[in-house]
Amino acid sequence: MKLVVAYIRHEAFEPIRQELLELGFPSMSITEVKGSGRQKGVTEQYRGSSVTNYLRPKVKIECVVATGDVQTIVDSILRHARTGSIGDGKVFVLPVEQAYRIRTGESGEETLQSHPDPAAAV
Amino acid sequence: MKRTTILCASVMALVALMLLPTVASADTFDAAGAESLTSVGINTMWVVVAALFVMFMQAGFAFLEIGFSRGKNAGTIVAKILMNFSIAALMYWAVGFALAFGGTGELWGSTGFFLRDFGDPSVAFPAMSFSDVTVDGKFFFQFTFCAVSLAIVWGTTLERVKFGVYAIYAVVFAALIYPIGSHWVFGGGWLQANLGMQDFAGSTAVHLIGATGALAVLLLLGPRRGKYGADGRPRPIPGHNMPLFGLGILILWLGWFGFNPGSTLGALDGRFPEVIIVTQLAASAGVIMAIITSRLLMKKIDIGMAGNGAIAALVGITAPSGYVSPWAAVIIGAVAGVLVVVSVLAIDRKIDDPVGALSAHGIAGIWGTLACGLFTNPALADYNAVGEGGLFYTGSFHQLGVQALGVVTVFAFVFVASFITFFLIKKTYGLRVTADEEDAGLDISEHGMYGYPEQFIPAPELVGVGPVQTPAGATASSGMKPSEVPA
Amino acid sequence: MKRTTILCASVMALVALMLLPTVASADTFDAAGAESLTSVGINTMWVVVAALFVMFMQAGFAFLEIGFSRGKNAGTIVAKILMNFSIAALMYWAVGFALAFGGTGELWGSTGFFLRDFGDPSVAFPAMSFSDVTVDGKFFFQFTFCAVSLAIVWGTTLERVKFGVYAIYAVVFAALIYPIGSHWVFGGGWLQANLGMQDFAGSTAVHLIGATGALAVLLLLGPRRGKYGADGRPRPIPGHNMPLFGLGILILWLGWFGFNPGSTLGALDGRFPEVIIVTQLAASAGVIMAIITSRLLMKKIDIGMAGNGAIAALVGITAPSGYVSPWAAVIIGAVAGVLVVVSVLAIDRKIDDPVGALSAHGIAGIWGTLACGLFTNPALADYNAVGEGGLFYTGSFHQLGVQALGVVTVFAFVFVASFITFFLIKKTYGLRVTADEEDAGLDISEHGMYGYPEQFIPAPELVGVGPVQTPAGATASSGMKPSEVPA
Amino acid sequence: MKRTTILCASVMALVALMLLPTVASADTFDAAGAESLTSVGINTMWVVVAALFVMFMQAGFAFLEIGFSRGKNAGTIVAKILMNFSIAALMYWAVGFALAFGGTGELWGSTGFFLRDFGDPSVAFPAMSFSDVTVDGKFFFQFTFCAVSLAIVWGTTLERVKFGVYAIYAVVFAALIYPIGSHWVFGGGWLQANLGMQDFAGSTAVHLIGATGALAVLLLLGPRRGKYGADGRPRPIPGHNMPLFGLGILILWLGWFGFNPGSTLGALDGRFPEVIIVTQLAASAGVIMAIITSRLLMKKIDIGMAGNGAIAALVGITAPSGYVSPWAAVIIGAVAGVLVVVSVLAIDRKIDDPVGALSAHGIAGIWGTLACGLFTNPALADYNAVGEGGLFYTGSFHQLGVQALGVVTVFAFVFVASFITFFLIKKTYGLRVTADEEDAGLDISEHGMYGYPEQFIPAPELVGVGPVQTPAGATASSGMKPSEVPA
Amino acid sequence: MKLVVAYIRHEAFEPIRQELLELGFPSMSITEVKGSGRQKGVTEQYRGSSVTNYLRPKVKIECVVATGDVQTIVDSILRHARTGSIGDGKVFVLPVEQAYRIRTGESGEETLQSHPDPAAAV
Amino acid sequence: MKLVVAYIRHEAFEPIRQELLELGFPSMSITEVKGSGRQKGVTEQYRGSSVTNYLRPKVKIECVVATGDVQTIVDSILRHARTGSIGDGKVFVLPVEQAYRIRTGESGEETLQSHPDPAAAV
């Protein structure tokens, strides 16, 4: 199993979520992060003094998938997150040794099984 | 769809009106046409201006409640206050005012429904005939009091009551409960006329009545989920916004300068500035003592307690404001300030009153009413021609006894009437939202949207519904350098 | 630097003034010096106090807009309202008031520029000569109306308009558009004088004029980015703060008690309390019907709709407030409450009006104006000496026709004048910020700082510019135990 | 426990009062009983209504400070304003009013403590004897001024001062410093009586006095941690909420319409509407020039600067409001608007004044006072029977000299008195919280809870104290579909 | 050393924190995340138009422990976070190659030593 | 490639960011987290009842670098984040198997190349 971590722009998230859902990967977690990279900062002014904020808001996607599915996920992210301009972000792949589904207690790759119709469940 | 049917009850009132003979209005108009006198103009202006400040207290109560709620339940209070204020206006106009002031009935009045066909105003509304303010002016002033009393009721119900409950009870309260209760105390009813109970601006008639309704609903509603731990000990559920709470307190304080001094129902006798001073001194003493008490009992100066101290002192001075001297006002306010802190801490142990309404309006309302029995200045009792001097001056317990009787009977009536009303609501429509709705918050579950969407909806969801609309790279530089911003 | 040049336009006005002969002031002063009469004092006091409540409506509009905006565009509204209110004051004083009320011109007035050299007030401002309020009092009252009308314009432009646009249009609007339009309706112009159009406090003269400007700019400005999906369906862009929206509504409601009753321009005839009652009943019916309509059409009680219902009903009763009876007020308000919800939902399908200004001020303003043609009480038409009774009383369509004509002509004039103004601005200075600025938000892009910095700037950036200032370990214990806090 | 002992000082006052002979009140009451005259009624009503708007300025100052603070220090301001307003009321009633207006002493007054035993009002309070407003009305109006002046003091101390400091200084300020300083200027003291210094509503007597106290405490308190970098350059510490800042500004602006026109102490001479116009024009010019100046100097339209421009212009016009003509008001306001921006930027380089109080109330207060020496209209100087025309009319520097002397002496007195007071506080109780408390924020460290708990306490902590109370899975579906919500 | 990552419900966190504290694992970090999985979304309405929010708030726990302690941690989480209904979340285990305690600069597993009385320290 | 994860105090972040920038490592992501460890909690009071918040705000830094650069990064963090008192935090190093730069689609270590002048780009 692998953990795919991606840092992307806010607008890119929704299309990615939808495609992964269609591909049968409804499960993921996102976090609002601040990223620094090649992108310019924003300069703020207040009553005369000013400060530059070098951190730009990004969305971090974390998605643990079976090793065989990694490329599918990465491709989908690369396709939708790309605008071609600085600040598009990065994707990283990390090894995962074990996984558990809390609800059932089951462990291993099957906890990552894609569900046909995620919307059906309550 | 239940809720709809409920709300429709309110529509009935409207429909009814539309069928009224159009001659209706004439009365009101002619009545006023005649009164073009200087004295009427001056006194009416004062009472109306005072009423506007009292009307603004609606915002005060709204923000006091908003500040003391969690962010997920803040928006619903706006819809609630608007709806309640509206229902109160229509009900008090159609029925309430007539029951409260129309005629000399010991239990309730009977003339002036829809402000129509009441003939000679001074005969129609005897309890206010000492003032030459126009009936319209008096009505609006009294209506704002009804609205205040209704607003007080909901302080105990935050974060878990069903929205429709506001509407149903508001109809009953503004049409029957408040009018009858206030009629007894300052509408010319038995307590005032027969016994000489003193309640200048409504410590009992407005605040205790509201707080009593609040108690009735709380007993049937129960505490917020998570308020009491497994061990039964109360847990803090901090309000989400102390600045907005402070806004509420300051608006209420301002409104009280219409509430008490406006109850002179006139400006020409020069009494109203004295009432203002008495009110201010009491409130000040209340804040200071509440802060000191909070510091001593809790080791911290609780911000909410400072505000509760102001409200409690203002409630406490409401009844005596037209009867006592400045020095007494200081004592009354100081005692109220201590009482409210102790009372909030005590009540919190067992029942869940998020804003402290039971203490600030109930306990303080009782204290204020009794305070007349202690501190009423005989000269002012004579001036107002109601009751007599207090124990402190006369050494007699008579007035104090009258005040106590008034408190007990009014409380009993309002509590029973309200409890029955809420009990019926509970059995039919229901009082409380589901646990899931309570956890999700009333804003999303009752109104379909959070009061602060950005606090609850992740930014990616807020921007990105469906594929991106923006030209690629558009936002890449959304962090522009100043120079990049076309000036 | 464009923006600067624009803003400098406003400076011209100032410079101009400084060159005026100093004798100027004398007139005003002498004029007042004489009027030391009781009646003048009473009536002036009422009108001025009413004007103060109307002035406060600026805060109402500001918070209604702030609540309906996203957090990244909230701060700019503060700067906007301050600047607009200021420009309106200087322009209305220099030019507007004279055009609106100075003399008997059918299209515009011509005396009283800078409130100077107008000679006998009753001759100079005939439309208001029925009142003995001082000219200064009348001016301030009328100015606050101009400021309200201007504030209404911007409701449709939130979150994307360039800041300078406010300044440019404000100059034109307060100096020409509003004064001329309102002159026709209640300044003694052709609609009022020749046709007897009834508009007691400005459903058309103030609210429709404002909403018409709002429509003109919206058509040239277009919707906010992301408001309409690829499929053209509208998406929700929820406002960020319902409590502040509620504050705005309650302040506006309060302000309306200056707006309508103050339009009696006097207190001694005892009419103003009746106007207040009529206003309150209409607003109440509006809120209730808006809530019911929202519940039926949207399955939820939309908080914003409840507020819109109050505003729409208040706008609806503005014109009739001095002409109709209470029962009619209830109908007028109820209809406005239904109309606004339906209208908001319909308009939202095609054009992006974030606060519903077109519905609450435009549609409701039209309804209110026409309502006079239906419900005006003949007795009140005579009393105000304007027009005649409504269809409901007289069976005649005449007054209704006059009202309709007034609505159409005023709308046409204001729309054309505003569209041209905004069109020229678009071609020169530009109406809209860039896509990047819109995404970043107007606060940071127009003002260099967020209105809520802590929401947008990560804490590490807020604390840590440059090396740490604090002694090592300082913050390690910043979570002190109470006991650690030096008491 | 130090803090407690401090607070207890305030209790002394209360205790003292309770021992007063009860006859006390009689005076006040009889005094009023007689004055049932139309003129008294009208004038008193105006002054009292004006005082209510001034009282509301407390909310204005609170929100101006809240908006300019960081979220971790917002709640304490609510407790502060409530406590200060309360202490001011008791102190001004007990001592202040007598020192400020009681009798003809050149340095301070001596009759009317506790508003008692002052005999004939017109003799007792000669400086206000030109007005027939009741003593109670005059007292309340003047008290609200004292409270405004005190509120100004704290603008420089945000985010680091110890809570007890507010209480201690408030006692001294409201009992001694403000009464004596204002007595000199408009209480009949030497500056007014002997030299004819002009200060209609208190540019010096209220605003400069407050700002001077603010300077004294700032010098002893020092800047907020992190305000100045290692290199000594100022860093931005942006306020957390511009909308609430805007609310403060708009409330203050409204309050000023009570502040300046109320200082006529009467309505019957028809002067107050002129004062309102003069006030509005000045404020408008101030906002516009502040925006332009900010745009030119900072390339951005700083929202805070727009608000400061309004306040500075209002402060600037306060002294001249009863003495100058409209055209002069525009100049006075415009200059104040430019001054405040330049001054804020300059002062920020060296000392840390988070809200710009030194500039908006100090510099602008001085400018306003001197402006009388330039622009006072001789006709109005005669009308008010104070001083003479300004340089611009008379060509004489005399009045300007008098104004300058007044500014210098009042500043000197207040600065010395305040510096000593704060110095003693610093040496005993202490002025400043610890570094840890400052980092944690005053809300949590002084009051035990954040003003915005949800911003600082992670949700898991807010919900989960102890084991979960909710039935398993309860929250699993807390995201209900509309249909899942029982309607 | 391993990094245990768990996505759980808010209410489940406090009991877990308390048990881990008693077991001698006071050190962990949590983040508020939004998760998508089998759980239903919340539908929001505003002035007529509506949108469904498929992301549900979850708490992410990160806890680095010695390899030998992993099972203890995982068991504790599985025990307390389980309600049996959809949305309970997942637990993942990732390898960690090195660890440093900043305060002391020391590195290796000892930096993870459980402290007998965490409350005792300042 | 390795992922360096550090939990530090807020004040420590800016100096670290600046040094890493100078060293040619402009790229990183940060998240606001709440941490529990040996540090004391804050006790809050409200209308009489009180509760202790054991979680303290920390900043989490995530930075993926070439294996050879790990020590440089870690040293920089250890140097600046250290105050010597409880609560300074921890640094962890995790293995990363793959990396992609979304903008270009390129993958591998070169996506982590340090940029001479990050500020130059748009």
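Per-chain residue numbering starts at 1, and chain names A, B, C, D, E and F are given in the order in which the chains are listed.
We adopt the following convention: a residue touches a chain if its C-beta (ideal position, glycine included) is under 8 Å from a C-beta of that chain, and two chains touch if they have at least 3 such contacts.
Quantities reported herein were computed from a predicted structural model and do not represent experimental measurements.
When the partners of chain C are compared with those of chain E, the chains appearing in both lists are A, B, D, F. Comparing each option in B-F, A-B or B-E with C-E by residue number, the pair that reproduces over half of the contacts is B-F.
Contact tally for A-B versus A-C: the pair with more C-beta pairs in contact is A-B.
With each centre defined as the average position of its C-alpha atoms, the distance from chain B to chain D rounds to 29 Å. Chain centres here are Cα averages; for chain E and chain F they lie 18 Å apart. Chain centres here are Cα means. That of chain D falls 46 Å from that of chain F.
Note: centroid distance chain D to chain E, computed from Cα atoms, is 50 Å. The set of chain C residues touching two or more other chains comprises 3-4, 38, 42, 45, 49, 235-236, 238, 241, 247, 298-300, 302, 440, 446, 448-450, 453, 457-458, 460-461, 463, 465-467, 470, 475-477, 479-480, 482, 487. Residues of chain A in contact with two or more other chains: 30-32, 34, 39-40, 42-46, 50-51, 53-55, 83-88, 94-95, 122.
Chain contact topology: the protein chains form a complete graph, every chain touching every other one.
Only residues 3-4, 7-8, 10-11, 14, 17-18, 20, 22, 24-26, 28-29, 32-33, 35-38, 40-42, 44-45, 48-49, 51-52, 55-56, 58-59, 62-63, 66, 74-79, 81-83, 85-87, 89-90, 93, 114-115, 134, 136-137, 139-140, 143, 163, 241, 244, 247, 299-300, 443, 446-454, 457, 462-463, 465-467, 469-471, 474-475, 477-480, 482, 484-487 of chain D touch chain B when the two sit together in their complex. Interface of chain A with chain B (complex): residues 9-15, 30, 32, 39-43, 45, 53, 56-57, 59, 83-88.
The residues of chain F lying in touch with chain E in their complex are 2, 6-8, 31-40, 54-55, 58, 60, 74, 77-78, 81-95. Interface residues of chain F facing chain B in the complex, by the touch rule stated above, are 44-51, 122. The touching residues of chain B, when paired with chain A in their complex, are 458-461, 463-468, 470, 472-473, 475-477, 479-482.
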